[in-house]
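These notes are about the structure you will find just below.
Think of it as A, B, C, D, E, F, G and H in the order they're written, each chain with its own count starting at 1.
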Amino acid sequence: MAKGRILIDVERCKGCELCREACPPDVIALADTLNSKGYRPVMLLDPQHECTGCALCATVCPDGCITVYRESVPKPQRKRKQPAYPGHVIPVAA
Amino acid sequence: MAKGRILIDVERCKGCELCREACPPDVIALADTLNSKGYRPVMLLDPQHECTGCALCATVCPDGCITVYRESVPKPQRKRKQPAYPGHVIPVAA
Amino acid sequence: MVTLEPPIEQLPCENLIYSRPESLAEIQTHYCPGCTHGVAHRLVAEVIDELEIQERTILVAPVGCAVFAYNYFDFDSAEAAHGRAPAMATGLKRVNPNSIVFTYQGDGDLASIGIAEAIHAATRGENITVIFVNNAIYGMTGGQMAPTSLIGQVTTSSPTGKDAALTGMPMHIAEMMAPLPGVVYSVRRSLHDARHTIQAKKAIRTAFEAQIQGLGFSIVELLSSCPTNWKMTPLDAAHWVRDEMIPVYPLGDFKVAEPLQNKNRSA
Amino acid sequence: MVTLEPPIEQLPCENLIYSRPESLAEIQTHYCPGCTHGVAHRLVAEVIDELEIQERTILVAPVGCAVFAYNYFDFDSAEAAHGRAPAMATGLKRVNPNSIVFTYQGDGDLASIGIAEAIHAATRGENITVIFVNNAIYGMTGGQMAPTSLIGQVTTSSPTGKDAALTGMPMHIAEMMAPLPGVVYSVRRSLHDARHTIQAKKAIRTAFEAQIQGLGFSIVELLSSCPTNWKMTPLDAAHWVRDEMIPVYPLGDFKVAEPLQNKNRSA
Amino acid sequence: MSKELLKGNVAIAEAAVRAGCEAYFGYPITPQTELLEHMSKRMPELGRVFLQAESEVAAVNMVYGAASAGVRVMTSSSSPGISLMQEGISYIAGSEVPAVIVDVMRGGPGLGNIQPSQADYNQVVKQAGHGDFHPIVLAPSTIQEAIDMMVLSFDLAEKYRTIVFLVLDGAIGQMMEPAELPPMQEVKKKRPFWALSSQEARRTNGELPQKNVITSIHLGAEALHKFNEHLQRKLAQIEANEVRYYENYMEDAEVAVVAFGTAGRVAETAVKTLRAEGVPVGLHRPITLWPFPEKRLQELADRVKAFLVVEMNAGQMFHDVREAVGREVPVEFLGRMGGLIPFPTEVEAEVHALWRRTEVLEMHRP
Amino acid sequence: MSKELLKGNVAIAEAAVRAGCEAYFGYPITPQTELLEHMSKRMPELGRVFLQAESEVAAVNMVYGAASAGVRVMTSSSSPGISLMQEGISYIAGSEVPAVIVDVMRGGPGLGNIQPSQADYNQVVKQAGHGDFHPIVLAPSTIQEAIDMMVLSFDLAEKYRTIVFLVLDGAIGQMMEPAELPPMQEVKKKRPFWALSSQEARRTNGELPQKNVITSIHLGAEALHKFNEHLQRKLAQIEANEVRYYENYMEDAEVAVVAFGTAGRVAETAVKTLRAEGVPVGLHRPITLWPFPEKRLQELADRVKAFLVVEMNAGQMFHDVREAVGREVPVEFLGRMGGLIPFPTEVEAEVHALWRRTEVLEMHRP
Amino acid sequence: METSIVISGFGGQGVLFTGQLLAYAGMDNDKHVTWIPSYGPEMRGGTANCTVIVSDDPVGSPLVAEPDVAVVLNLPSFEKYEGLVKPGGLLVVNSSIVNAETLRNDIEVVSVPANQIADELGSVKMMNMAALGALLAKRPFLTLSQVKQALDDHLPARKADLLEANKLVLQKGYEVGTAVPA
Amino acid sequence: METSIVISGFGGQGVLFTGQLLAYAGMDNDKHVTWIPSYGPEMRGGTANCTVIVSDDPVGSPLVAEPDVAVVLNLPSFEKYEGLVKPGGLLVVNSSIVNAETLRNDIEVVSVPANQIADELGSVKMMNMAALGALLAKRPFLTLSQVKQALDDHLPARKADLLEANKLVLQKGYEVGTAVPA
C-alpha cells in the first residue's frame, strides 16, 4: 500500500477528532498540549508508517487543517496551494 | 317531472347570465330593463312551466339572487330563510 | 317601479328548495358580475349553515378582492394583512380552540406573498381550514400576474404574456400542500359550472368537518374566474376555467386523511 | 514553541494529495469544534476551485452560524438578511447573468423565516445554487427548535422535546423543492463521515454545474451537525446525524433534471 | 416576597406570565432569546399558549389574531425583527386591539451587531409602521422597573386598546440584578365584548350575539379620516394621562441631563458624582418615551441653563427634547453608537464642559 | 421636447427608465401599480431587468442584491409595502449600496384605504428601518417635479451610496398633468469598484482583483460605533449639500405656510388667493424632507410672525418645523387624514384666523 | 380662470376618456390642467368618475369639494353629485337613463338624451361625447373646435374609425346644449 | 464603595457562574449588584467573560471601561484584560495555564496555580473557585464567609455533591492569595 503523511495546522485545529475517527489505520491522536485557542489539537502518530495518504482525514476535517502527501508515481495535478504553516507546531505553553 | 319556480332578487342580480347557462330547460332570460345598479337582471321566462326546481341556477349564482321552490311531496327540511325581496322587481327606470 | 313579466305564481304545493344561506349577510357584494368569489362565499355559508357552526365560526379575510368578505358573512370575522391570514388564524385558533377558524385567500395572497405563512400553518398541522380561490390573477389591484397565472397569459404586469423562462411555471398549491404531514385534506375543485360547484361544496364541507374533528390543516383550492381582469364575459370566463385552467390545474384529491375517506371522493 | 512528536519526515517521492482549496480564505472560522459547517464550506470551495469559477462566483451568506461565511470564502460575497438570501441572489444574478451565484443557508434561515423566498426563487427557476445546511436547530442563537428539528428533540425553545401536535413534523426541504418545475436538481446528502462527505461534494459539484449550464435552480441539502447546541461531542453528533437524522431525512436524489443525469447518482 | 437575582430577559418573561399573559408568539433573536426560551418553558406548564413562529412577520400576525380574540398576548424581538413587524403593528393599531411587544434593541443598521443600543428610538416612538399612530412606549432602566412595566404594559394595552412597547437595550436584557417578581395573576376568563370568540359564548354572557369584526379598513377618505380623528383623540387622552418619568436632583439643578434606559442609569451615576463635586446638575429620565414628557421638559427649560441629552444612538430623543425645550436654552448631545454604552466619566466630562460654557455665557450676559 | 399629458405613476416609471435604471423589482399595490405595470412593459423591451417579486420583502431584498452589483435599481410600493421593506432598507443602509424607492403613500394605519395621504412622513423621514440612518427623501408636488426628482434620485443614490426615497401621495401617483420627460440615458457599462460582479472583469478594468464584500455586520461595539460615525459624517455632508425647498411670496411674508407634496400645491393656491386679498402670507415647501430645510426655517422664524403647517396626516412634519422654529413663534397645524386632501379654502380660513390672532397679539405686545 | 369638472357614470360609459379629452384640449391650448380618477375597489362593477381642472394658473388640488360642473351619466352619479355642484354651477344630465329631477334652483341643469343622440349617430358608446358637447355649449372655457382638435390628436388609434362619428355626436350634443335655455 | 470585576476565560472554566456567585453574595449582603455576560457569536468556541459590579449604591452602567479587578483564567483573557485594569487595580492570573508576565507596574498581580489547586482538591473543574479565593484575599469587598454562604445558597442542586470541595478550593485560593505579598 502506498505510504502517506499528513501535516496538521495545529493552530487551526480544534481537536474535534473527526479526522481521527475517519482514519482507517488509526494513526491520528490527540496531542497532550493545548494550542493558543485553548484546543487540544491532533497529531499524526504513525511509527509504523501506516498512513496511506487516503485523505479521508482531510475530507472530514471541518477546519481544513490537514494537508496530505502520498508516495506514488507522479501524476498531473491541479494547482494546489502549499500549506503556509509548518505543521504540528503549537506556539503556546503546555 | 316535478314543476318548480324561482324568484330572482333583481336588485342584487348583476346579469352575469351564469344561471341562464346552467338552466337545463333554458327558462331564464335577460330582462329588457336595468336595475338601479345599472345591471340588466335575469328573469324566469317559463310559459311552458318547464322549470323543474332543480336549483342549478341557484347553485351557480355568484350573488345568491335566486330562491327555488319545487312542487313535491313535502319532506322534512332544514330551516331556511324566506327571501326578503319580492322577486322580479326593478325599482328604477328603464 | 317595474315588475317583470310574467308574474310569478305560487305552485300548488311547493317546498322551498333553495334560498340564500343564513350565514351569508344581506349586503350586496362588490364583486364584478359573474365573479365566482360570490359562489365561493355562498358555498362556504351553506356549509356553515348545514354544519350548524355559524355561532362559533371565525373568518379571516384576505387582502384581495375578498377583502370585504367580513361584510358578506354573518359571523365573527377578522381582516388580515396581505398573505398573513394563516398566521392570524393560528393566533385566533390557538386561543379559541373551540372556534371554527378559516381563512379565505386569493392566489396573490396565499401563493405569492403569503406562501410562508400557509406552508408553516400547514406544516404545524394548525387545525384551521383554508379556502383558496385561484383565479390566476391579482384581481383587486387590476389584473397583474400571479404565481398561478398560466404560461402566455397576458396580464397588466406580463404585457407580452407570462414567460416561464423569466417567471417560472404556475404554482400548484393543492399539490404542494398535500405532502406536508400536518395537512389532512388538500383538494382542488372548480366553480365553472353547476356540477363542479356542487362538488366544490362537498369538498368545502369535508374541509370544515376535518377541522371540527380536530384533525389538522385542510385546504380547498377553488378554480375561480375573474371576468373583469381576464377581459371576458362571465360565460367566457367560465369556459376559460374549464378549457385553459383545468388542464393546467387538474381537479382532484391530493390528500384525504384516513378519517375523511369515504366522505367525498375525487372530482 | 513546542513541536509535536514525532517529527514529520518527507516521503521519498511524494505528491501533494490534498490541501486547503484556494477559494477558502486563510482566516480561521469561528465555528465550534467539529461543526460540519466547516466541512460544507470546504467542499464548496473545492468544487469552485475544480470548476475554475472562483473569479466569477458570488456567495450570498445567510444569517445563522454561517453569517461570516463571506470571511471564509475567497470570492465576492454578500451578507443577506435572515432568510432572504434567495431574493438577494435573484437580484444579483439577474443583473450579473454571467456570475455564478449561490446562497448558503441554514435550516432556520431557509426552512423557517426564508421559506417563501426559497420556494419562489425555485418556482421561477432562478439560475442559482442553494447550499442548504440542515442541522435540525438554530445554531447561532443558541439552540432553539427549527422546523427541521426531530420529534422529541429537546432544544432551548422545546424544553420538553419537540411536540408534533403543537409544532408539526419536521420539514423536508429537498422533497418539497423537487416537484417545483423551476428546480433542476434537488438532493439530500450528509456530512457525518468521509464516504458521505465525498458524495456530498459530488452533489455540490453537480449543483454548480447545473447553474453553469444555465439549467435553473439547484439545491443540495446537507445534513450537518451542531455539537454545541445538541450538547454532544463532535463524534457523538456525527453518530446522531447517522442514527437519528438520516432515518427522518433519507438521503437521495429527489430531482435530477435530464441534462444532469448520469453525472451523479443517488447516495 | 424577597428579591432574586434575575436576568432581564427572564425577569420580563416571568413578569408577563404573572401578569396573566395568555399567549406568546415569537421568533428567536439575540439579545432577547432568553425571553422566548423562558416562555417556551412556562407557558405550556401553565396550559397557556406558546408558539415559536416561523418568522417575526408571522409572529406579529399571530399576535394580531390572538389579540383579536381579546386575550393578553405578547411577542418579543430585537431591532431587525421589529422592522419586519411594522406592517402587522400598523394593522393592530388600525384595528385597536391590545397587544404588547418587547423590543430588546441592538446595534444597527442592518445586521449590525447584537450589542446594547437605543438606535431604534425613532422606530418605535415616531412610527412603528405606516399610518398615523403611536404605540405607548415604556423604557425601564433597571430590571425591577422592567418587571413592573411589563405588568403595566398589559394593563395599558387593555385600557386603551392599543399596542404597548416595552423597549430595552441588550444590556438590560442580558444583565442580572436583584429584583422582586409580581404576584401571579390567572388569565382572565371573560373576553371583552368586541372580541372574536364565539357568538354563542357572548349570548350566554347576555351580550348581543351580533357578529364582531376586527378590521383596519375604512374605505372612504371621510370614513378613514373620522377613524383617525378618533385615534388621535385616544392618543391625546393617553398623552394627558400616561406620561411617566423619573427625576433626581432636579429641584435646584442648573444643568439637566436627559437620558433613558441604560443611558439613564449611567447618567444617574454621573450626576451623583458631579453633585458630590458641587456641580448643580440633575437627571430627567423619561420612562414613557411616548407619550413624551414634553410639558415637564418645557417647565424645566424655564429654570435650567442647559440640557445634555445622552443616548446610545446618534441623537434621536435629542430632537424631542429640543422640540420641547425650544431654541432659547442650549441642548447638547452625547451619543454612543453601535452597541457602545457611554461611561459615567464621559457624561461627567461633558457636563463639566457644558457647565463651564454656561457659566461663561452667564457672565457675559447683560 | 414638448409636454405630454402624463399620469404620475407612469411618468415616474418612464423617467426612471430614461435615467438608466437597469433593474426594477416590485410587488403590485394601489395606488402605485401603474408604475410597476409600466416597468413590466418598458424594461424587457430595452433588455433590462423587470421582475415582479413574490412580496415586498422579497422585492427589497432583490433590490439589495442588484444594488450590491452596483447597478441603478429601484422598487416602488405604498405604505403597507414600505412597512414590509423596513428590514431590507436598513440592510441596504448598513451596507451603503445605492438604491431608489418610490413610496406612493395611502391612508393608514393598517389596510386603511388607498386614498392619497402623507401619513408615512415619519416612517420614511425618521427611521425607515432599525438603526441610525436616514434615506434622502424627495417629495415632489407636481408631475414635472416628480419626473425631475426621479432622475435626481438615482444620481444622489450613487453619489452618496445611499437610499433615496421619492415620496408622493396617491393623488400625484394617480393624476395626469402636462410634463416633459427627460432624455434617454443608456445603462452604464462600468460597475463601481466596490460592486459584486466579477473579479475577472475588475482585473480586466485594471482594478485590484480583490474580493468585494457587501455586508452590514460590524461585530464589535467599537467597530460598529466607528461605522456609525462614518455614516453620520456622510449624513452630515448630505445635510450640508442637498437641502432643497421651494418658496413663493416669502420675501415679505408675515405668515409662513409650510407644506409638502400635494398639500404644498393646495397651500400654494390658498396663498395666492390670500395675497390677492392682501394677507401677507408666503409658502415654504420642503422638497427634501430629509435633509430637512431646518436652517431656512430658522431664518424665517426670525422674521415671520406665525407658521401654519398643512399636512395630509395628523401632524408629523409639524414637529420638525416646530423643532426648527423654536417656541417663540407660534406654529399651528392644519391636517387632513385618511385620504382627505385639504381644500384651499380650508387653508385660507386657517391662515385668516391665524393672521387675525397674530395681529391681535401684536397689538398687545409691550 | 379655473373650471373644475366632474364626470361620472358607469364603467364603460367613457367617463375617464371624456375627462382626459378635456385635459388634452386644455393642455394643447396652453391652459394648466389636471385630471384625476377615483380609484379603488369601489370601482369593481360600480361607477367611475374623474375630476378635471382647466385653469389659467397652475392647479393646486386636483380634487375639489364642489365642482363647477358635474356631468352625470347615470342615476347613482346624479344622486352623488347633484348636491355637490357649486352654487351657480352646471349639472349636465344624461336624460336618456337618468330619470330624476334636481330640487336645487341655484344651479343650471342641462338635460341631454345622450344615449339617444349617440345611438342615432352610430353607437350608444359615444354618448359621453353628447354630454360633453352640451357642457361646452354652456361653459365655453374651451371651444368646441379646440375639443374637436383634441379628438383628432388624442383619440386612441384603435378608435380612429370612430373619429368622425365622435365629432358628430359632440357637435350634436353642443347643439342640444345650446338650445336649452339658460 | 463600588468594585467592578471582570472574569474571563474559556467557555467551560465556570466564568459565568463565578461572576454570579459574587453577585449573589453581594445581593445577600445588601449590596447593589449587577452581572452581565459578554454575548454573541464570538462565544462560539471562544472565550467567555462577565462583568460584576458590587456596590453600596445603585449601579449605573453594568459595564466598565476599566475594571477594578480582572480574573483571567487563560492566555487570551490575560492579553485582553491585562492592559484594561484600572491603575491600582488587581489582576488575578491563573498561572496554571497562563505563562505570561505583565509589564505593568501600576497594578497588583496575583498569580494562582488555579488548575493545580483544584486538581489536587478533587477536580480541575473547580479552578474558578481558586482564582476567586485569591481575589477575595486581596479585595475584601465581600468576605470569604459571605461567599461560602452564597455557595451554600446558590450552587445549583445538581452540583450539591461538589459543595464542600468547592469551598475547600475557595479556601485554598484565599490562602494562596493571602500569602502573595502585596
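The rule is short, and it goes like this: a contact is a pair of C-beta atoms (placed from the backbone, for glycine too) under 8 Å apart; a residue touches a chain by one contact, two chains touch by 3 or more.
From a predicted model like this one, the values you see are computed outputs, not experimental measurements.
A.B. asks: Common contacts of chain A and chain G?
C.D. replies: Chains touching both chain A and chain G: none.
A.B. asks: Give the chain pair, either A-H or E-H, that is connected by more C-beta contacts.
C.D. replies: Answer by contact count: E-H.
A.B. asks: Using the average of all C-alpha atoms in each chain as its centre, how far is it in Å between chain B and chain C?
C.D. replies: The separation of the two C-alpha centroids amounts to 24 Å.
A.B. asks: In whole angstrom, how far does the Cα centroid of chain C sit from the Cα centroid of chain F?
C.D. replies: That gives a centre separation of 39 Å.
A.B. asks: As a quick test, compute the distance in whole Å between the mean CA positions of chain B and chain E.
C.D. replies: Result: the chain centres lie 59 Å from each other.
A.B. asks: Measuring from the mean C-alpha position of chain F to the mean C-alpha position of chain G, what distance in angstrom results?
C.D. replies: Chain F and chain G have C-alpha centres separated by 35 Å.
A.B. asks: Would you give the residues of chain B that are in contact with at least 2 other chains, written as numbers and ranges?
C.D. replies: Residue numbers touching two or more other chains: 14.
A.B. asks: Indicate the residues of chain F shared as contacts by at least two other chains.
C.D. replies: 30, 51, 54-55, 57, 80, 87, 91, 95, 110-111, 113, 115, 215-217, 219
A.B. asks: Got the chain D residues that touch at least 2 other chains?
C.D. replies: Those would be 31-33, 67-68, 79, 81, 112-113, 115-116, 120, 140, 147, 166-167.
A.B. asks: Given the complex with chain H, which residues does chain E contribute to the contact?
C.D. replies: For this pair, the touching residues of chain E are 3, 5, 30-31, 113-115, 142, 170-171, 174-178, 262, 265-270, 272, 341-345.
A.B. asks: Touching residues of chain E toward chain C in the complex: what are they?
C.D. replies: Result: residues 22-23, 25, 49, 51, 53-55, 57-59, 61-69, 71, 73, 87-88, 91, 95, 196-200, 203, 209, 211-217 of chain E touch chain C.
A.B. asks: Any idea which chain H residues touch chain A in the complex?
C.D. replies: For this pair, the touching residues of chain H are 10, 45-47, 74-76, 97, 99.
A.B. asks: Name, in rising order, each residue of chain D that touches chain C in their complex.
C.D. replies: So the residues of chain D touching chain C come out as 112-113, 115-116, 119-120, 123-125, 147, 164-169, 171-172, 175-176, 179-182.
A.B. asks: In their complex, what parts of chain E are in touch with chain F?
C.D. replies: It comes out as residues 57, 79-80, 82-84, 86-87, 89-95, 105, 107-113, 115, 119-120, 122-123, 126-127, 129-133, 215-229, 231-232, 298, 313-314, 316, 319, 322-323, 325-328, 336-340.
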